[in-house]
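The next block holds one structure in the form of structure tokens; read it before the comments.
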């Protein structure tokens, strides 16, 4: 059994990680910790975890290192980079779920997050953990930067086009909508129920850091697309649905495009291209590690509309992190994810 | 035009007060203030208030006193009692929406809120502002303690029985359910959207201070009922629905009970006894100053079930406060409340 | 007092109309009817309408014509065109809230709705009731086709650009999100709570009839823009938020664009251009007849992003219908709309 | 592998059954059917069931009998009793999730559901499938009547008292609140999103058939309690929270009561008595087969308040049905339920 730690177990992603890891057949969860000093058991924090008898400590790096071989960092941005180096130095395998190691370049990190990177050595070593793009690199790596939730929903919608070298003839629009867990579990007037329920809004228009992450991966793929990304906040707990508008020029038939997507994802366990005429819905991916994709095409405008849906806490965070662990450790890729 | 201040305008109750007062035909809103120093206009805080050009100050008692004749205090419990005396001393009419002046007795206040009362003189003078019970006293008063939201929903369900001297044969159960605005607009992990949405829970079971308020009013009415009050938190913005279980002994027929209620409320503008067989729903009172009551009766157990619904921010707070102002000032009672 | 009928009073729009008309100071609601024969009073259908003592009939054209001078048709598409002619023939003023008379051309109607138009004479006479575009024509007309909810949210975002003759350099993307009342009050598995709550989806992608309505109005304005419209379904009751992506070529500064919008809407009572840096939210327009607009601009891409928010049942339906009535009848434009 | 059919797979309970059975390690799902003739695969109906390649037929009893040894009936009340006999006659094991076989007496069935029972022979043979009460009888039976969702939440709260022969001194109040999936997946104006969201109401007050089911089980336990049951509809998808008010006479200390409950459920895998001072919340049981119980006690009134929470689709329906199958077949009781 692989001995696993979750550093930052009390947020939504940490909770989802713990819930899935305790029933993962190859894993023994040996250490979890939360933001503050707690004497509570993890079961008291999350009463649905009946029978899990693990204490939830204040973070003690030494204890974490001693008790585990594999570490999930589920920490706020700019905090992970203070913590990751000691685990890596101790030879642990690490999946970092924060944004800290997703760019291989500290300037892009600074442009996106407005902060100086403090661990540029490891920044260059981390592999971007999108299995559908980098599975072999992930398999060979011991340090994974788990993708952001929005970039996961966007990139999975674009990989088949990138693979064929197709690029948009004009600006690609990415209109993304996320449930509220995407903002984390925190005290905030902005996130209180009464002002969020029965509400909907765009936020950080033209200034969300995930736009940098998307652009960075596109460039890595030599696809320096012109695009605009605008996120919105949905009054629901879980799920991201992104609508992408990709102007094409060679008018591929809808059938041909459908085939390109179907064929690209034919053997992927966690991406489903819906049959022609069907569209993704958040309820169909909620609680799953699936990404659902639906295509529509208007020939008169050469306009391809792609709708992409994931659960932000699963394929967009904890589920993809476990998928990465499974790949890194040679486990069956779907363990803990059904 | 009556010059009116709202002290504490940025919470949910304050916002509802301001929204209704700006279109009240007999009122000129002359001063509003919020918790912190703000240079914003009230319209910037609440963008739906198009055309209202009032600045939202940090609280300045002198300015508030100079600019208004009538004052609404929409402040947290234990804060109102530090602020009310100066307005009263200056001869202003005051409706206090906090819990500070609802008991006429500092011991009961302390039992309910765990705090020492700091203004016992005015505590004795304040009139409990439930118009259906104390309309004439309210008319003659210049200082009103606006009832709590739960007590309003409970007491309006019981007044017709009190009026007839009927009391329960056994313990009366009051199972109350409130929307989230009842908890105020504040940063709190407990009130964040994701842990409140798709959730429901009881809270402060057998220890909610409103149980003291209900008991206090019952005793004022010489109805020292044996009762239990349990509040619950609904995943919706506005509304309280309370289900009351009143064991009776003389088996009044359902028809007779219906008549007692109908007749008691026949001329009340803001309480509606629904026709036999109809039950209140929160959506039917949302945004209104109405209380809807529905009765069911099981003869074999002499059990009367009363369902009572109000909007916690209107009849349970801001609406009732304006109703009290209308009564105090001799305005038509429904102004600003349709 | 203007004697007014509401034909189709039991849906969401009809309910909103009735609720606002009963407190409109220049109106006496004299006749309302619902889909089926009902003996109920309107107050029994909508218990929040305390004191309104109007019966809700099955539709009786003769009675409706006798009892009123002004008629709102709040009927399903393709039903209005069977009903409107008799009111028009009888000399009544009519605001039709269905889609039946929004195009002046039966071919476009057929392309959009797949049905043959049955009243082509009146089709040509109806004025499209968007006051910010056609106020003077509305004032002179006795037959108004009230705009669709999505087109209202889209067109109000574009009028300032149309007015300046600015048109997009490329395809304009209109990504629209609506609350569930937009689908009407009806029994439908698709609209049941449990499959709609905690869900979000695109629907009728590239095939929504409102895309025809938008295109039709743009062409009337000699602005045959290339655009794509995709609607989505939000898990909330009321509100539409549309995000528009307008590629421009002459790089107008954000400040200049802001001024164009501010100046165009300077004297409009129901459209607000938010200050620079502020973005519309559905909660700020809910229950109001307001449209809120927020602008963002990225100079490097000459990309203008406009966010537009309305309440679909108010500015998107019943509120705008009453605004049209006020204009047609020479009433103050905001009566019944505050 | 046990060959299993789900008769009625397209409702919420059927969907939950299928989702859990396809990953149950001892089960092969061999036959599922829906209300209407369908050529669809189950995966097309429920797109989250990636990789499940089973067709969803119109009901064909012969085919169902041939292809399976164990049958779940997830059918409307009064339909099950037309279908169950043929499976029982063919020697299949059956768990019926409808209400048809929960009483052992056709008169009580008729009193509760207003319908004549059509299969009184099997009515007497069926075992009421509440494992915490009848585990040994379930193990020995081939025909289980799966308990109702409300009765499950109520009875699990009372079993420890029944076990000790404690009964209420006065009327026990059961105030129950359920999410909307409890009403099934159907087209209904009452269940449409817009009138259910932001709403809360009591329904079938003093006339819900589950009150008969609760009374029937209590009588079987020689506990002919005097009680009142009132259900309410919560604006959320899943979960029931019931607040029970049990007047006691011998003032047991809270500690003693807590011990009675803790000890009664010490070895039960799916019932958790929360630590003193903690209260159940629906979010903590959502998606689980758990029942959470929390106790409060007021000595001055000898009043015990029990709060009980379950997921109505899991412990209240599909989960408990699978738990029963596990017991009947000698599988580990928690298989398919984590």
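By written order: A, B, C and D. Residues from 1 in each chain.
Definition applied: contacts are C-beta pairs under 8 Å (C-beta built on N, C-alpha and C of every residue); 3 or more make two chains touch, one makes a residue touch a chain.
As the structure is a prediction and not an experimental result, all values here were calculated from the model.
Colleague: When chain C touches chain D, do the two copies use mostly the same residue numbers, with over half shared, or different ones?
Modeller: Homomeric contact, same residues on both sides for the most part.
Colleague: Which chain pair is joined by more contacting C-beta pairs, A-B or B-C?
Modeller: Between A-B and B-C, contacts are more numerous in A-B.
Colleague: For the interface formed by A-D, which of the candidate pairs B-C, B-D or A-C is equivalent, sharing more than half of the contact pairs by residue number?
Modeller: B-C
Colleague: Give, as an integer number of Å, the spacing between the C-alpha centres of chain C and chain A.
Modeller: 39
Colleague: On a C-alpha centroid basis, what's the spacing between chain A and chain B, in Å?
Modeller: 46
Colleague: Measuring centre to centre with CA averages, how many angstrom lie between chain B and chain C?
Modeller: Each chain's C-alpha centroid was found; their separation is 36 Å.
Colleague: Would you give the residues of chain A that are in contact with at least 2 other chains, written as numbers and ranges?
Modeller: In chain A, 195, 197-198, 235-237, 281, 286 touch at least two other chains.
Colleague: If you connect every pair of chains that touch, what shape comes out? Choose line, ring, star, complete or other.
Modeller: complete
Colleague: Chain C touches which residues of chain B in the complex?
Modeller: 23, 44, 46-48, 50, 198, 269, 272, 274-275, 278, 281, 284-288, 290, 292, 338
Colleague: Using the touch definition up top, name the residues of chain D that touch chain C in the complex.
Modeller: These residues of chain D touch chain C: 12, 179-181, 185-189, 191-198, 235-237.
Colleague: Using the touch rule from the top, collect the residues of chain D that touch chain B in their complex.
Modeller: Interface residues on chain D, with respect to chain B: 170-171, 173, 175, 177, 195, 197-203, 205-206, 226, 228, 230, 232, 234-239, 241, 243, 245, 247, 279-283, 286, 294, 296-298, 301, 303, 305, 307.
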